[in-house]
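Each of the two complexes below includes chain A, the first together with chain B, the second together with chain C.
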Partner chain A sequence: MLHGKRKITPYLYLAPCLLFLLFFVYYPIVENIRYSFFDFSAFSPSKTFVGLQNFIDLLHDKVFYIALKNNILYAVISVVCQVFGGLILAAILEAPITRLLSGFFRTVFFLPVVISITVIALLFTFIYDPQIGILNNFLSLIGLEDWTRAWLGESETAIFAVIAVSQWQSIGYIMMLFIVAIQGIPKELYEAADIDGAGGIRKFLNITVPQVKEMIFVTTLITLTGAFTVFNEPYILTGGGPGNSSDVLGTLLYHSAFFEDKMGYASTIATVILILTLMISVIQMKLFRTGKDG
Partner chain B sequence: MEANEQVIKYETIPLNRKHKKNRKTILMASPVYILLFVYFIIIAYPLFWMVINSFKSTDEIFGSSWALPEKWLFSNYIEAWDTGISSYFVNSLIVTAATCLLTVSISALGAYGLSRFEFKGKNLLLIFCIGGMMLSPQVSLIPLYKLIQALGIHDTYLAMILPYVAYRIPITVLLIRSAFLEVPKDLEESAFLDGCGTWKIFIKIFVPLNLPIMVTATVLTAYFTWNEFLFALIFVDSESLKTIPAGLMQFRDALQTNWGVLLAGLMISAIPIILLFLCMQKFFVRGLTSGSVKG
Partner chain C sequence: MKKLFTVFTIFVLCMSVLVGCSSSTSSSGDGKVIQLNFFHRWPTQPKKAFFEKAVKEFEKQHPNIKIKTEAVLNDSYKEKIRVVLGSSNPPDIFFSWSGEFAYNFARAGKALDLTDMIKEDKEWSDQIIQSQFIPFTLDGKTYGVPWSMDGKSFFYNKKIFKQLNLEEPKTWTEFMDDLQIIKDANITPIAFGSKAPWTISHYIGTLNQRLVPEDVIKIDYDPKNPEGDFSNPGYVEALKKFKELEPYFNKGVNAVDHEYARQLFKSGKAAICYMQYAEIGMVEPTLKDDLGVFKLPAIEGAKGDPNVITGAPEGIMISSKTKHPKEAMEFIKFLTSKEKGIQQVKEVNEYSATKGTLTDQNSSPLQQKAVDQIVNANRTALWLDTDLDINIVDAYLKGAQLMLDGKRTPEEVMKEVQKAAKEVKQSSAK
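Right after this comes the complex of A and B.
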């Protein structure tokens, strides 16, 4: 270990990092919690202390419950599609039977991850378009004309159409995490199973799943955190509409702050998001630690 | 020779068994290939649709969005570029380059301090640095907005660059620190005995030895910055300073009926990062996976 001539040396190396984090990450977080007890607008110099009023208002706000419900829907669907779907795709692409094409499929499946969500969301406004959209065209083609609709324009389907776009983009990412985890499994385990004559499905259930258990926890928590902080997809695709049917906490926060100019109220929503994501992170750390011990 | 023969004998038994199994696995494989193929269509077709329709006129998209273009309108790309994408593109390049440079150099310094020194409060500072990963940028949106106004940098490049750097530091420190911890101690000790100061050891040993992880960190930061939307939307108002993700929203409103050009704009926005990914797939995957395992 280096000691340097002066005791201050390591602190000097760390100083830029610490300053950035202090000013732009930690100070705003603390300030946000403080803001949630005040009422103020974007350009007013003074703030009015309102105690817990913002939290009480939030609990009486119908839109808050719609948004929270949508976030929960987001979470449930994301965990099923991304964690379950991603794991299955990864297992298939790592299986010997797909060896020839797996590199190609892996790259294509990962492609949506690297494309900006703005590009993807705007592309999907075309795909969902009631007239020219390929989704309705495809449904008509296979004889399901009754199913065609304005996917983003109807309050029953808007949130699901938005969630689908997120799945389309993110499954590849979780898949890649599982691929890396599966590549770390000792080959002997599979060879032993081969000698026992185990089939692909049995190998998947008896070897792959238990061996990547930790990654299953981690990806579940990544998708959960993503689901509670989602903003871009609903904002670009529907703006939270029609009505408030596809609002999530993120769009509600944005709308309260920059359209209604209720900065204190928006901070309260941010505090709720903070609490939710911190809870998920704490669970993640706990599980991660137990995973390491075991 | 003898040894070789033994090996062959040993291997023929499982090989025979494998042969029998092959027919079975091919049968088993067909549903798997069908599944892969269906998923491939779901992912690839929308992207393909974007490519072919970005060369069409609006009328043609409306009439036959399935078909290949009758005439490939490269002019859509020129029009998209001239309608605003060019300035978004330049802004994105500037913001991304500055963010990468600052993030990676500051994080490397921090990682060096955290990996090769013993000092008071080290663990606490490590938690302070890496704990930032648990905090989502949205949560600090309003105080950051106020802070940026107070600093007088609202509606400048810095309004994006400084928060981006801050939010990328935790993960980048984590990545670089784990690489620095692997550097053998003898290297730095002999350099130390040769009279090198800590700064020289950092520049002459740690940075050159860990270039791959620096590239990984840069690629990851570039990916994040090129695609960031929320801060870019809120901290910058001027059309002339917008980066691609925020600018595209304006671009869409300006081109409401000119779909071919809009799609060409989407293509121009997506291509650089796709190329970066295809060229540096290894760095990309390593960064994205090792980063998120821990956070």
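Right after this comes the complex of A and C.
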């Protein structure tokens, strides 16, 4: 009796959460995939089944490739800056020399994470402003007038200016995760290395990096999926402009759905994003073989 | 970054609502008190307060009607109104721009035909400037009541013009000479911001009207007429003229928006700004007597109509699904009454489309002159971004943004526009 009861109780506790997940996460995903085979607008009373036509259109859409390229740029730069940069920052802050000030710097680096992205984006529109922005003023102050430009207003620089904002904001978060991981490394390892006469860089490469491997996996996954689902930063900073030069898949989806009123097409973009992020996680799981001790 | 997921979820949920609940029940209650939903685009002050006050007054006069207001700003409104009108529970009364934006609702059967109700109450409807009904009228049926009207002109700083001994330019050549003189004096000639690219559409809309014959435009702009293919050389010419202005804009136009441009002009740092008459109220208190207005100068040898001004009424429509068309119309009549119109000009700086609402008490001479210009113009050309199909607008604006960035030539932009137009016209012919 008691045994049977115990078996059902945990599931009862899980049920509410599971239901919410089903309704708010899995149901929309499944519905979205279904929608991507239809052509319809918010107005149209009925949906027309078009099969794979939306996907074919997407593959012929020049803007899709611009957006995809921007997402890939986002991903590459984010991994380099956030995962590697974050790891190095964390290692420096955890090093014995900087211990004293690490609390202060941790706060400094983490602060951007807790500020709303909308606020940050608006703040950076001021920083990037071509005439009154501090970035251009700073550049002219140190004699680099030739470098001043309308950062968000030119096709070549717009996407990089947007990516830079994301790096500035997110590096603190990744750094924090690494600090936690580094603090979990047994002290004995470092002590043994000290006795063997290993230097700081050696210790970092041979102890810290292998020990936080699992965390590197997690953070890479976070930044990569983040890079493919990014929306706020480009939407607020440039709106995808000039032209489509700083569009990412997220802004393209939004534009198709709520501006051009092509709901089916937007669903298709969403499905493609889903496939991309799924692929990334599968590849990474294979590469890092998590869960198993390698 | 995770916000995309939220957007995505909301989007799918919206869709499920649209598809799932096609047979919902009405919320009229027990018949005594009628609730009307009113959806407009002014969640900011002072207009928000203006509408709140209007609703309260109306409810006092009509104790059996309750009005529930919802408001979202400009660009979001354009997106949201399309979604809610497609849902099973659309707002009874909603705000709309005129032209293609409104026709779209009419064609989809989302807007109620108001023709008979307007004809029935001549006493009220005759008070409204009749020409402002035109952009809400499709195939002889009127779907909206104009609430405000507006036009676009070059505003200029008289002080700067006087310093440099300049006159209001009459022709395009004079205009270009003046701009060069202002630039040589180290003053920004024209304040402009195109980060939100609708500002581009206002320039191009007017230039198109000037450079392309009227009948050609009519065919091209009509989303259902497959003969209009935007091939008239005037369109390229219009973009070229716009590009001629580019050296005289402030730096980095694609990175700043219109509010920034207005600020630049208002603070006297720029000599000229292309603005809407409704904005007079925003800059006149600062610039005072230094504020002047001139029309887009005549372009030599242009084939279009030189006496057209760009501008359009904005108005109010009723949903075709409303249960209470009479009561909804009552509210519209209340909002467009002469008494409300006078308050409207004074409190929110929007020119009412109702006759005789501009008095010396509530407006400046410049504002009165501006309204005269609207009323007396041969024709008003609508805002390009609400007059054309959204996909053509998109091709136009994205292309022009890149043109300002030096990445596209006017010919390339028009090629994209022609392609978009072809697709739109093909799909609507189906």
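Everything that follows uses one rule, which is that the second predicted complex is superposed on the first by the 269 of 294 C-alpha atoms of A that agree within 3 Å, B and C clash if a C-alpha of one lies under 4 Å from a C-alpha of the other, contacts with A are read in each partner's own complex, and residues count from 1 in each chain.
In this section, contacts are C-beta pairs under 8 Å (C-beta built on N, C-alpha and C of every residue); 3 or more make two chains touch, one makes a residue touch a chain.
None of these values were measured; they are calculated from a predicted model.
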Contacts of A:Ile117 with chain B and chain C, given as first, second, both or neither: both
First, second, both or neither for A:Tyr128, with chain B first and chain C second: second
A:Arg149 touches, of chain B and chain C: first, second, both or neither? second
Chain B versus chain C as contact partner of A:Tyr190, first or second or both or neither: neither
First (chain B), second (chain C), both or neither touched by A:Phe64: neither
Which superposed partner A:Phe37 touches (first chain B, second chain C, both, neither): neither
Touched partner set for A:Leu89, first chain B, second chain C, both or neither: first
Touching partner for A:Thr277 - first (chain B), second (chain C), both, neither: first
When both partners are placed on the shared chain, which of chain B and chain C touches more of chain A: B
Contacts of A:Asp261 with chain B and chain C, given as first, second, both or neither: second
Set of chain A residues, in rising order, touched by both chain B and chain C: 24-25, 28-29, 31-32, 35, 42, 117, 131, 229, 231-232, 250, 253-254, 257-258, 263, 266-267, 270
List of chain C residues in touch with chain A within their complex: 1-5, 7-9, 11-16, 18-19, 78-80, 82-83, 85-86, 108, 110, 195-197, 250-256, 390-391, 394, 398-399, 401-402, 404-405, 407-408
Touching residues on chain B, where the partner in the complex is chain A: 25-26, 28-29, 32-33, 35-36, 39-40, 42-47, 49-50, 53, 61-62, 65-66, 106-107, 109-110, 112-114, 116-119, 122, 125, 128-129, 132, 134-136, 138-147, 162-163, 165-167, 169-170, 173, 185, 188, 192, 197-198, 201-202, 223, 226-227, 229-230, 234, 244-246, 248-249, 252, 259, 262-263, 266, 269-270, 273-274, 276-278, 281, 284-285, 288-289, 292-293
Complex contact set, residues of chain A against chain B: 1-5, 7, 9-14, 16-18, 20-21, 23-29, 31-32, 35, 42, 89, 92-93, 95-98, 101, 105, 107-119, 122-124, 126-127, 131-132, 134, 137, 168, 172-173, 176-177, 180, 199-200, 215, 218, 222, 225, 229, 231-232, 236, 250, 253-254, 257-258, 263, 266-267, 270-271, 273-274, 277-278, 281
Chain A to chain C touching residues, read off their complex: 24-25, 28-29, 31-32, 35, 41-44, 47, 117, 125, 128-131, 149-155, 166, 170, 226-227, 229-233, 238-239, 241-245, 250, 253-254, 257-261, 263, 266-267, 270
